[in-house]
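What follows is one structure encoded as structure tokens, with my remarks underneath.
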Amino acid sequence: MTDKISFASDYQEGAHPKIIDALIRTNLIKSAGYGSDEFCQSARKKICAACNAPDAEVHFMVGGTQTNAVVINSALKSYEGVIAAESGHISIHEAGAIEFGGHKVFTLPHIHGKISADKIRELIENFEGDGNRAHMVKPTMVYISQPTEYGTLYSLSELENISAVCREKNLPLYLDGARLAYALATPKNDVTLADIARLCEIFYIGGTKCGAYFGEAVVMRKNFIPHFFTIMKQHGALLAKGRILGLQFDTLFTDNLYMKIGEPAIKAADKIRTALKNRGYELYFDTPTNQIFVVLDDKKLARLSNAVEFSFWEKLPPNKTVIRLATSWATQDSDVENLIKNL
Amino acid sequence: MTDKISFASDYQEGAHPKIIDALIRTNLIKSAGYGSDEFCQSARKKICAACNAPDAEVHFMVGGTQTNAVVINSALKSYEGVIAAESGHISIHEAGAIEFGGHKVFTLPHIHGKISADKIRELIENFEGDGNRAHMVKPTMVYISQPTEYGTLYSLSELENISAVCREKNLPLYLDGARLAYALATPKNDVTLADIARLCEIFYIGGTKCGAYFGEAVVMRKNFIPHFFTIMKQHGALLAKGRILGLQFDTLFTDNLYMKIGEPAIKAADKIRTALKNRGYELYFDTPTNQIFVVLDDKKLARLSNAVEFSFWEKLPPNKTVIRLATSWATQDSDVENLIKNL
Amino acid sequence: MTDKISFASDYQEGAHPKIIDALIRTNLIKSAGYGSDEFCQSARKKICAACNAPDAEVHFMVGGTQTNAVVINSALKSYEGVIAAESGHISIHEAGAIEFGGHKVFTLPHIHGKISADKIRELIENFEGDGNRAHMVKPTMVYISQPTEYGTLYSLSELENISAVCREKNLPLYLDGARLAYALATPKNDVTLADIARLCEIFYIGGTKCGAYFGEAVVMRKNFIPHFFTIMKQHGALLAKGRILGLQFDTLFTDNLYMKIGEPAIKAADKIRTALKNRGYELYFDTPTNQIFVVLDDKKLARLSNAVEFSFWEKLPPNKTVIRLATSWATQDSDVENLIKNL
Amino acid sequence: MTDKISFASDYQEGAHPKIIDALIRTNLIKSAGYGSDEFCQSARKKICAACNAPDAEVHFMVGGTQTNAVVINSALKSYEGVIAAESGHISIHEAGAIEFGGHKVFTLPHIHGKISADKIRELIENFEGDGNRAHMVKPTMVYISQPTEYGTLYSLSELENISAVCREKNLPLYLDGARLAYALATPKNDVTLADIARLCEIFYIGGTKCGAYFGEAVVMRKNFIPHFFTIMKQHGALLAKGRILGLQFDTLFTDNLYMKIGEPAIKAADKIRTALKNRGYELYFDTPTNQIFVVLDDKKLARLSNAVEFSFWEKLPPNKTVIRLATSWATQDSDVENLIKNL
């Protein structure tokens, strides 16, 4: 707790009230363990329906790094690696979980967190044309985030292009949707869950940052990774009381809650962006989702720090700093007003 | 859900009502991520106090297999292995998570889940005396469970003997307390949390099976495994909203709840054991905790299956079967009565 | 070097003179690297012919532990394990190379190093019948040695039985032939290279202990492990000057040298066995190959140690010791005479 | 074999005649296994003397990728990574052996294969200053090659600068000397073996490319990696007949052979470089060792390919190609003459 107004991240609060209701309502019902319970089954059905993917497999895991590690490490053979943006979460901020699992992350340059179909093609064709390729890790999967770690979005046509090159080159496309609710809630987004399910072999729908206590729902082509249950167990990624994950996602996918849960975050972020521009602040780049990147000189930085919690993003030499403000499903109007007053 | 009375496991319900209260009460408080929040801090202090170990480190993880894998794999060097009972959870039922992390599990014969100081000494001295030991995995850690997977308990003197041989031979002793609340709640137990903290280098206090939604609290000697935070992250074992773990353990260690939470399970199990004996059922062996192992012939097995959910344990050729009934912190008197009626 | 007569192992000398000749003869010929040279090609052809397996893949590696680790770890999926004798080389004396690669070794009791088809079947059927098998490592490969670590041999009918249960249960059978030349050279053996190639999915023909400086030749069903070249590279198991391996195996498989190279070892061992029996020594058990296991009391042990180098095998309480004498392709008659004089 | 003159690599021939002599001379001497023999002991002493490092540990392994993987993976803790040039052998051409062992390779931009002390410092200080560093792999070792993969050399002052920043930042410095003999043989080099031993915590002296059949000698500070013998065994990197490695290095370090063995390669390369320049060929950049990089247009490329074997290095769009010619300790004058005639 702090007296400052906090825009430090989108995982600072507990869970959406409807999730608490569901936990209370079902607390003493006995159910089977490890995700074989009725709540998980119900959540799976609703997620498949929302993705227009009736035959997809849905598995629930606890957090994003765990999900990325289990998926990528079990999808790849020992001599294979995954392609990601230099700024990708797996490239930097997962303490090397992919390498720890034995695999190389090939990094591509990014523009505000996004990579392009062309750069993927170029990397693959360089590999294909290299006479030493049998001595090299084979790039065989592509990892992207929607929204990206920079809050930006792939448009439908960009995603289609990436998917097309992946299919041409026989690379499964894996999408990290840790903050997917914030993409779905912004009018600037033209990519639906069904598009993602159609264009990716595997992806996950984020719960932790999108209104759940915790939890991520992996959606994959049927049997894309055989024996996934045992693989999850082996990674310590199988929750005994799997129902807790099932209940949260069942709630998030009842009455379209997941499609709307990000709206307050987007409205708050838009209001903050407008206020920043009006007061002459420089946005590092424009983002359509719940993350806002602002360039501050040292004086402004010092002043804002007194009243507001935010994330340091990067230094811009000689004397500027990029910070990040993040709104969430739980952001209150009063906090936004308060922030704006302090700009 | 099922119409049968279920004694299938001790993780069939949600969480203790006081945990739900704590989650509701704090839901919109903003807190820092990854276990650095005030709730985790408070829980850590209470756990250290309960363990009479003011300088211990406390880390929260999500489940038992995850905890065992992170602890053991990061405590061991590549050429080292861990000693466990043949029946140990890590030996059989964790899908090879220890081997997946690169380490051999040396198994010892067990008596109802327990291993002995003498057998540990013998294994170590055989290794020390083997001229080929530089070509062999070095056994350098001991894993035990309290209660064991068979519901039995190490007495204080047994635990002291094991600890003594471990210290003589320089082997850290690691205790898996997935069901520790059920040990602490039975009058037949003479091992306190403070004893465990004194005799083991590292252990975990189970939440998942003891009234929490999920979560295990690792207690270890200060700096026993340096950089443990990053190691947890790398294993996908660091919860973003760590507060949810902190809140659960803070509740369990407020007003001694954890010491008492297993009592209804023990009372229910004792009542069931008495009823079984009175009706001429054969107990496979006597257990002082919340697990009951019953030997059934095929006829009784069929009959009981109609009304009751339980776990299959093992076949006793030619025509008998051992089953397990498990009570929990949430077991209702009415379920016990109902079960007894159906015996 | 030592003044004692040494029967300590079968890898104490350099290489068969014909191998030296081949190295000298070809020393300044330039050839391509990594096993793509003409000598490897020639060796592969000769090995396929000797195995009556024209379509087999042949890969050369440097040593036995390396070969076992690369083969087993790349043949298994992460949740799979390998079955071996408790006394198997991979079970004990490879410093945990299989577990280091992520996999469990399931051990079966052995009789003088051998396991049986029945015990394999029992282990598999126990797994198949276990309700918790999705939480367990899946046994999916069988490892045997011919000769075993105890110098014993599987008969053709034993090997056929093992192969049959493996095929019924869909388990690849992998045979470690570190000392295969000594099996092929004894008249008590009825298993040919062609039998092994027919009954096993993969096996290796040992060079290091059978007259080469070093090297093992893996023979496997075509494409049994795809991308094996890159997998070898990744394990550090791909020799740059692969020709050195090719030349050694090309020599060993020219004019049937490999079939005969073990004969001096067998003759020497037989002579020693007869002498031991004649002088009232107790053989621990009878072996048909180049390893001899003798039971000695403390007095005889002390006396023999003065003149002869051998391997300690195990203690037989209260006061006896089992030692191992090993002959080799290079054992000299004079050494045998000398040993016998010292009995 | 080929009718073309081959300058494809420096591992195309067998071994230096003195090595063959040593093998022949000692062939039937019996010696102990696994590197405990007298030849290894002698080689160790001579190497320590040549490095002016009387207390160093010397271990022999078979090849470069194996050596890099065993050293780096056992020196690093699970959450640590190694810094290397983008062009480093471990970064590209070892099939991901470092990542396979669980570790990230941090790549730095290079100038003709070399990295600088400044770039290392910058990477470390960025890490130290990053608020999220506990979620990141920690860079804790530096890998360089001498000569580099591009045939270039670190000067003594460059190496001292790198060593200084490594020691200031507590990063062990590891030097890959796969082609070290070619550095030692060129007059442009001012870095001695003793300098390397003084400035690096660990390095290896290459045998495979420098006149041995195979083998690399790791030189490290005493006890820099405890239990290294067992670690080698576990990686399949311990040769049973270790004497073969000992004999080769004992020969290479007798009468300063290793210091001179590269001289023919340097003379040949210098002669080729001069001829190329005289005939108007463009060198991609100037190298002082046994590798020559030449820029060819398509026409010249086609013509040269008819008569000469070389390595493709990279395309220079639109229509040029960089090729590599490599000389070796075994390069004959006649081959050089022949090549020059064909330019």
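Labels A, B, C and D are assigned to the chains in the order they are written; within every chain, residues are numbered from 1.
Basically, contacts are C-beta pairs under 8 Å (C-beta built on N, C-alpha and C of every residue); 3 or more make two chains touch, one makes a residue touch a chain.
Here the structure is a predicted model, which is why all the values come from computation and not from measurement.
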Between the pairs B-D and B-C, the one where more C-beta pairs touch: B-C
Label of the chain whose CA centroid is most distant from the centroid of chain B: D
Computed distance of Cα centres, chain D from chain B, in Å: 51
Chain centre separation (chain B, chain C; CA means) in Å: 42
Contacts with two or more other chains, residues of chain A listed in rising order: 78-79, 94-96, 100, 134-136, 230-231, 233-234
Chain C residues within the chain A interface of the complex: 73-74, 77-79, 134-136, 138, 227, 229-231, 233-234
Contact set on chain C toward chain D in their complex: 1-2, 6, 8-9, 11-15, 17, 20, 23-24, 26-33, 38, 62-70, 94-97, 100, 208-209, 213-214, 230-231, 233-241, 243-244, 330
Residues of chain B that touch chain C when the two form their complex: 78-79, 81, 92-96, 99-105, 131-132, 135-137, 312
